[in-house]
Amino acid sequence: MTTTTTTAGGVKVVKPTVTSYINDYWGRVRGGDLGGLPAILGLVVLSLIFGVARDTFFSGLNFANLFNQGAIYIFIAMGLVFVLLLGEIDLSAGYTSGVCGAVVAILLTNHGWDWYTAIPVALLTGIVIGFGLGFLVAKIGIPSFVVTLAAFLGFQGVLLVLLGGGTNISTRNEFFNSLNNDNLSVSWSWILTIVAILGYAAAQFSRVRSRAARGLVTDPMGIVLMRIGGLAVLLIVATAILTQERAINPAINSLKGVPIVVPIIGFFLVLWTFVLGRTSYGRHIYAVGGNTEAARRAGIPVDRIRISVFVIGSFMASIGGLMAVSRASSVDPNTGGSNVLLYSVGAAVIGGTSLFGGKGKVINAVVGGAVIAVIDNGMGLLGFSSGQKFIFTGVILLIAASVDALARRRAAATGNR
Amino acid sequence: MAATPLLELNGINKAFGPVQVLHDVSLSVYPGEVTALVGDNGAGKSTMVKCISGIYQIDSGTVTFEGNQVAIHAPSDASALGIEVVYQDLALCDNLDVVQNMFLGREKKRGIVLDEPTMEQMAGDALASLSVRTLKSLRQLVASLSGGQRQTVAIAKAVLWNSKVVILDEPTAALGVAQTAQVLELVRRLADNGLGVVLISHNMNDVFAVSDRIAALYLGRMAAQVKTTDVTHSQVVELITGGRSGNIGLPPEKPADFGGDVVDITPGGDK
Amino acid sequence: ACGDDSGSDSGSSGGGSTAAGKVGIILPDTKSSQRWGTDDPKFLKAAFDAAGVPVEIQNAQGDKTQFQTIADGMISSGVAVLMIVNLDSGTGKAVLEKAKKAGIATIDYDRLTLSGGADYYVSFDNVKVGKLQGEGLVKCLEDKKYVKPVVAELNGSPTDNNATLFAEGYDGVLDPKYADGTFQKGPNQDVPDWDNAQAATIFEQMLTSNKNIKGVLAANDGLGNAAITVLKKNKLNGQVPVTGQDATVQGLQNILAGDQCMTVYKAIKKEADAAAELAVALAKKQKPTTATGTTKDPESGADVPSVLLDPQSITKETVKDVIADGFVTKDAVCTADFAKFCTEAGIS
Amino acid sequence: MTTTTTTAGGVKVVKPTVTSYINDYWGRVRGGDLGGLPAILGLVVLSLIFGVARDTFFSGLNFANLFNQGAIYIFIAMGLVFVLLLGEIDLSAGYTSGVCGAVVAILLTNHGWDWYTAIPVALLTGIVIGFGLGFLVAKIGIPSFVVTLAAFLGFQGVLLVLLGGGTNISTRNEFFNSLNNDNLSVSWSWILTIVAILGYAAAQFSRVRSRAARGLVTDPMGIVLMRIGGLAVLLIVATAILTQERAINPAINSLKGVPIVVPIIGFFLVLWTFVLGRTSYGRHIYAVGGNTEAARRAGIPVDRIRISVFVIGSFMASIGGLMAVSRASSVDPNTGGSNVLLYSVGAAVIGGTSLFGGKGKVINAVVGGAVIAVIDNGMGLLGFSSGQKFIFTGVILLIAASVDALARRRAAATGNR
Amino acid sequence: MAATPLLELNGINKAFGPVQVLHDVSLSVYPGEVTALVGDNGAGKSTMVKCISGIYQIDSGTVTFEGNQVAIHAPSDASALGIEVVYQDLALCDNLDVVQNMFLGREKKRGIVLDEPTMEQMAGDALASLSVRTLKSLRQLVASLSGGQRQTVAIAKAVLWNSKVVILDEPTAALGVAQTAQVLELVRRLADNGLGVVLISHNMNDVFAVSDRIAALYLGRMAAQVKTTDVTHSQVVELITGGRSGNIGLPPEKPADFGGDVVDITPGGDK
């Protein structure tokens, strides 16, 4: 072990090697600092259970289905992560998505607007809703649970009124319906995959370079390469599977390529991860969620932050709504209702976001959403009766969560809580 | 000596519901001087600091900064004026690490991206100047720091900025011998650079070692504000515990004035 | 056990083989009516088992996302025939189109998917159901000889398209009566999720604000029972006729006791058998012969080959028909409290 | 002002007079320490709104309806207060009530049990469920949101399975059905009212006496008498209204007396208020909710407390379930579903219970439940369409909460938060 | 002097994940004596206290109490043995009042009902003995107390009980002059009553004023445990800051031993 010591901030530092880095990581894991591992472990366990029970679970077709099925929860959960980071809750996220979905469907179908005008209006609706909720919470001081419970009821009514009391509206716009139904062409699939890998690599290298230039400790180059390699392998394998022919009857209709919704999820994942991790706005969200009083004393505009997270929450819910409507090619008074809200909050929480604020990442929403989607998808394949299905869904959810909880018990035992 | 006060409080009153905590308090902070604010537990020192920094709203009274009357409604107003505070209850975010806490609310950026390397370097420099020896990493979460380490972070956070007034509420309470010496030296250095410094402390040795003036609070009233050179150790202790010493301090106690406050330890039954 | 997969599928994909392909069936929910949870799975399973065709029956539990997820699953597991009861036409259409792209034969069961283009349609006429309810109530009120009675309506879930169809049916009967002054229009409310507890509160408030209510058009037996409970509390049961639907044990007992005036019996077994027959033929790659009627899709204007069945109005006198049909057992209906009424109604 | 000074614990104390006591209280109110005032204010505002809109709202019949309609939410909310006091949540409370309701209906109707055997079994079911939930949360360490989300799904399935896939089961047991439908006789109504007033007076006096005996400060006798008098007036007026004839058609059927469910609510209100306020177990619940670590260091068995609140929560949910089934005289797969959960949590939160733990009282659940019941009841009288009804319910809920929030803003301004 | 130690720690190790905080630490607490535990910020003093009281589980080592080896897994085990601790992070419930906090976990009862009058009286007595002057009411919520008032409550809470060992982690840090004197007197009184007392403090004057023995922790290692009468003020400071003084203390520093710990202030980049 060669430990080159440099100076940073007048304090001597030790340059880590690949071995020391891995030892360090392993030490942290053994000490209970598990990060996203347990949720991913839960995902693997679930997939194995379903894969063993039904071999179609591992088919390319089913793999592709997963994305379209989970997208709605993932988008809403991404927005909820922001709200939960502040220790708030948005019970109305489900129906917000429904209302925005209804807006887009009405504009497209009843008013004959085009998608590029209708979609922005729907997204704007989401933003306005979020602003209203945030204002009531931050400025009037009503607890978010009550505000969003009222909104939950209110939007349910708005949806009914918009849809004229119970009818449903079909969307017939090709582009709009393709969003959460169709796939990228094979060549575009590969192009985006390559771009993603190169982008990640560039970000990693530039970070190492800027730290090294300052004389600060950097991650060993080996580790950086391993990270990039890992991501590359993952993405390439996934793309390879998704670009296989997966149509049941290829003669009638060819079905291949990465679902269009995947790059959209990817885009928001990168965007929000960047916002939370690399901007001062994101830092302030964590601060307000961790200790509102400390944040206030540090001069952070707590109220504005609070409003903004509701805006982001409702904005993402509106995207979730668009995806739900696109997938169903229609909107009805139940869009965004039933289990959508609880599944979405569940997705965020299972991924590791705390309901008490200050702890969580956007990737949590994606992993948690994947857990929810896998459960839903797998239960669908098993063919239980309705009652059994509810029961098994509950049990499976509990198993996934137990994996997480038991893995984290070590953490508690070592005092890292 | 110093010409006009940098910061001046006049006739400040503050009550929490029925409990009057500050009565007509006045205080002057001069540039280039360390003003020690002393007083018994619960005298109202921290409350006064929080009134200055905008955490509490004062009920009445005026605050004058650099000759202009100002209204401070929020901590951001205070820091905009150049008032920096180290609070007794340290107000750190447990879920953030040391560097993140030190730059909270005033992050260094390059474009819109946080400039982590710069912040890390500056934080390291500031901590190194405070004799921090046992911190394992600048990226350690504040939740896992020892009491003294937390306090050092809070102090380092306040001195990172070019401010005009620095107020430290019992900054050395949890510090070790070496660190205490460093902090006192820092306090002196800040004043010598022309800043106005307010130091709250229960340790008379520290107070006499660095302060130029001493202000004594007694049961929410300002008992006296005197030059350090004009008083003795025991006089200050008398001011703290009795509100007066010889001919300085509050007028002799009339039972009606303080009676209620002092003795009323179990009013109104339990709720 | 009812919806369990018969287990005889060996991952066979939509079959060029001689064996019949698998049939996938998606039911809508468990809350709007008990049939989807109990009756349909039971009868359909029995019919397919008898024909020796593998079947998979799932319930979307009122959730359209799940509805599509189930459909995706069935399509990817390679069913030969997909039979759906849509939750709404939009989702239904999306599913049907996906299935057609995969070369799967499709059947609309009980509810027509507008513009869905299903190959076949099997159903009761839901508007007709509503019509029977309306006519039943009119008769009961006439029997009571009330003058200008106030009629309250407890509609089904506002989000359920079928509830809209039922309402279309009974309002078609009642509106002229309101118009000509025979009846007086009273409060009219939807019951979210067909929730009986909410129905009780809603009806209690109707009665509080309009004490003259003399007839209740309740969209199904559960809502009817909720209204009857409130009436009982005010000792008005039996005097205020209440309607229902589904011929549940509860509804039949209320009818026998004289608290409910009628219910609508949909011979679900017949409907299930008809649908199964169609599906079996399609799964065996034969041309079905039973779909003699057609239904015009009001949206696309297409004629969908259909099997249409008639709902039946049930009153105290005809309760025995339901039992004779095997839809409910005598033991279930004629419990100790009701033995007397059963004899009165000629059930043996 | 005569200030008699006595000594307690070696410290001089001042004996308050009626005037000083009232001044003190008024000072606290002006300083923002409002207690239950805002929620009660909200209740009054709502009642006025509805009363103006429909005069039947203030009829005796409607007043009696309120109790039967709100009882379900109140019982569930009372249990939820315990869960919320620990900063936990029980999303499954609604379906727990449904399952317990189904158990009792099945035993009564299908198995012909009598009410005195069937009800205990149903309550026991609730206790067992609560134990299971609590165990998973406290011992396995799964977040309560996830455990109870799983239970929410699972019990929905159990309910379906119990009801054989969706049938309705009627209950025909007279006694059972009377619980949340019928009324006490007029004489019993008065007897219970008198007993309640005397009991309260006795408790107040004994407290004053025991403190006086110790030489501790006591509330002035004038204040004690005012409290007792206030309660007496309230109860007597309510009883007087409820013992009026309120039948729709008094010729057919007489309807008067206090609804049977009222003394049941009263019993649990007193019981749980006593447990929370006067036993060490209650004290420990507040401690764990306020600062789990401090409670653990004080030697409080945190895990056992955590389990126990889930047991109480599910037990009260089971009572709520019994009341729901009694009221509808039937159970269906929707019993305890739909809005029951959100309304119940809303009841607890509107009453002033914090979702973050450590703050709340059982009376909050009753007041909050009353707010919910009044909204539901009033909306029922107004006869809106379903969509409008949802919207107005949301708006009204928001108004009630704003009254509360705005009243409390003073508190924030004076630093008492 | 004192025969056998009341409480004895041997070879205690404790790590948080990869960070080893206590290395092979031993400590003996004798009845009737005050043992001062000193050490720099972050030396591991509070961690050691939490290991004794069962908040943290030790990784290895033995704890002997009154001659019997004991396993302390939870704070309730420690209080069952008769070990009472005042923590540095005070561990009070902000939502409870002063009396409720002082009796937390050990409420006085009459039957199943809480005996509020008795508790209120006992709490009043205990606080009065600690020179508390400004507490407005015993029924005030702890959240609204000043820093020193909170500390007094925590101390009063610990001395209410008949325990055998009392451990105080920087009890006087936030206290005023008079209160500090009272607490030191209390500490002495406890020891004179035959209890074993452990006092953690950064104030050397206090340490020399009341302690019989001094144990010095240096970077998680026990540098020395000596009689107070055998060392001087400056020797103790050397032990604290350097781990050795003359021929007492740790063996001369080998870079390999401490190198990593001391210097490694920015490892592994940010997360």
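Lettered A, B, C, D and E in written order, each chain numbered from 1.
We take it that a residue touches a chain if its C-beta (ideal position, glycine included) is under 8 Å from a C-beta of that chain, and two chains touch if they have at least 3 such contacts.
If you're wondering where the values come from, they're calculated on a predicted model, not measured in any experiment.
Distances between chain centres, each the mean of the C-alpha atoms, put C farthest from chain B.
Comparing the chain pairs A-B and A-C, the larger number of C-beta pairs in contact belongs to A-C.
Mean C-alpha positions place chain C and chain E at a centre distance of 73 Å. Between the Cα centres of chain B and chain E there is a gap of 27 Å. Chain geometry summary: the mean Cα position of chain A and that of chain E are 46 Å apart. The distance from the centre of chain A to the centre of chain C, with each centre set as the mean of the Cα atoms, comes to 39 Å. Among the residues of chain C, those touching two or more other chains are numbered 2, 30, 36-37, 41, 158. Multi-chain contact residues of chain B, defined as those touching 2 or more other chains: 16, 55, 116, 120, 124, 127, 144, 264-269. Counting only residues that touch two or more partner chains, chain D has 8-9, 11, 160, 165, 211, 216, 339, 385-387, 389, 416. Against chain E, in their complex, chain B makes its touches with residues 16, 19, 39-43, 45-47, 88-89, 97, 99, 116, 120, 124, 127, 132-139, 144-149, 151-152, 170, 173-180, 202-204, 219, 237, 240-241, 261-262, 264-271.
By the touch criterion stated above, chain D contacts chain A in their complex at residues 87, 89, 91, 136, 140-143, 145-147, 149-161, 165, 339, 342, 345-346, 349-350, 355-356, 385-395, 397-398, 401-402, 404-406, 408-409, 412. Of all residues in chain B, only 53, 55, 74-76, 79-80, 85, 87, 91-96, 100, 104-107, 109, 112-114, 116-118, 120-125, 127-129, 144 touch chain A in the complex they form. Residues 2, 30-31, 33-38, 41, 158, 187-190, 192-202, 204-209, 211, 221-222, 225-226, 228-229, 232-236, 248-250, 253-254, 335-337 of chain C are the ones that touch chain D when the two sit in their complex.
Those residues of chain A that touch chain B in the complex are listed here as 8-11, 210-211, 213-214, 216, 278-280, 283-284, 286-287, 289-291, 293-301, 358-359, 416.
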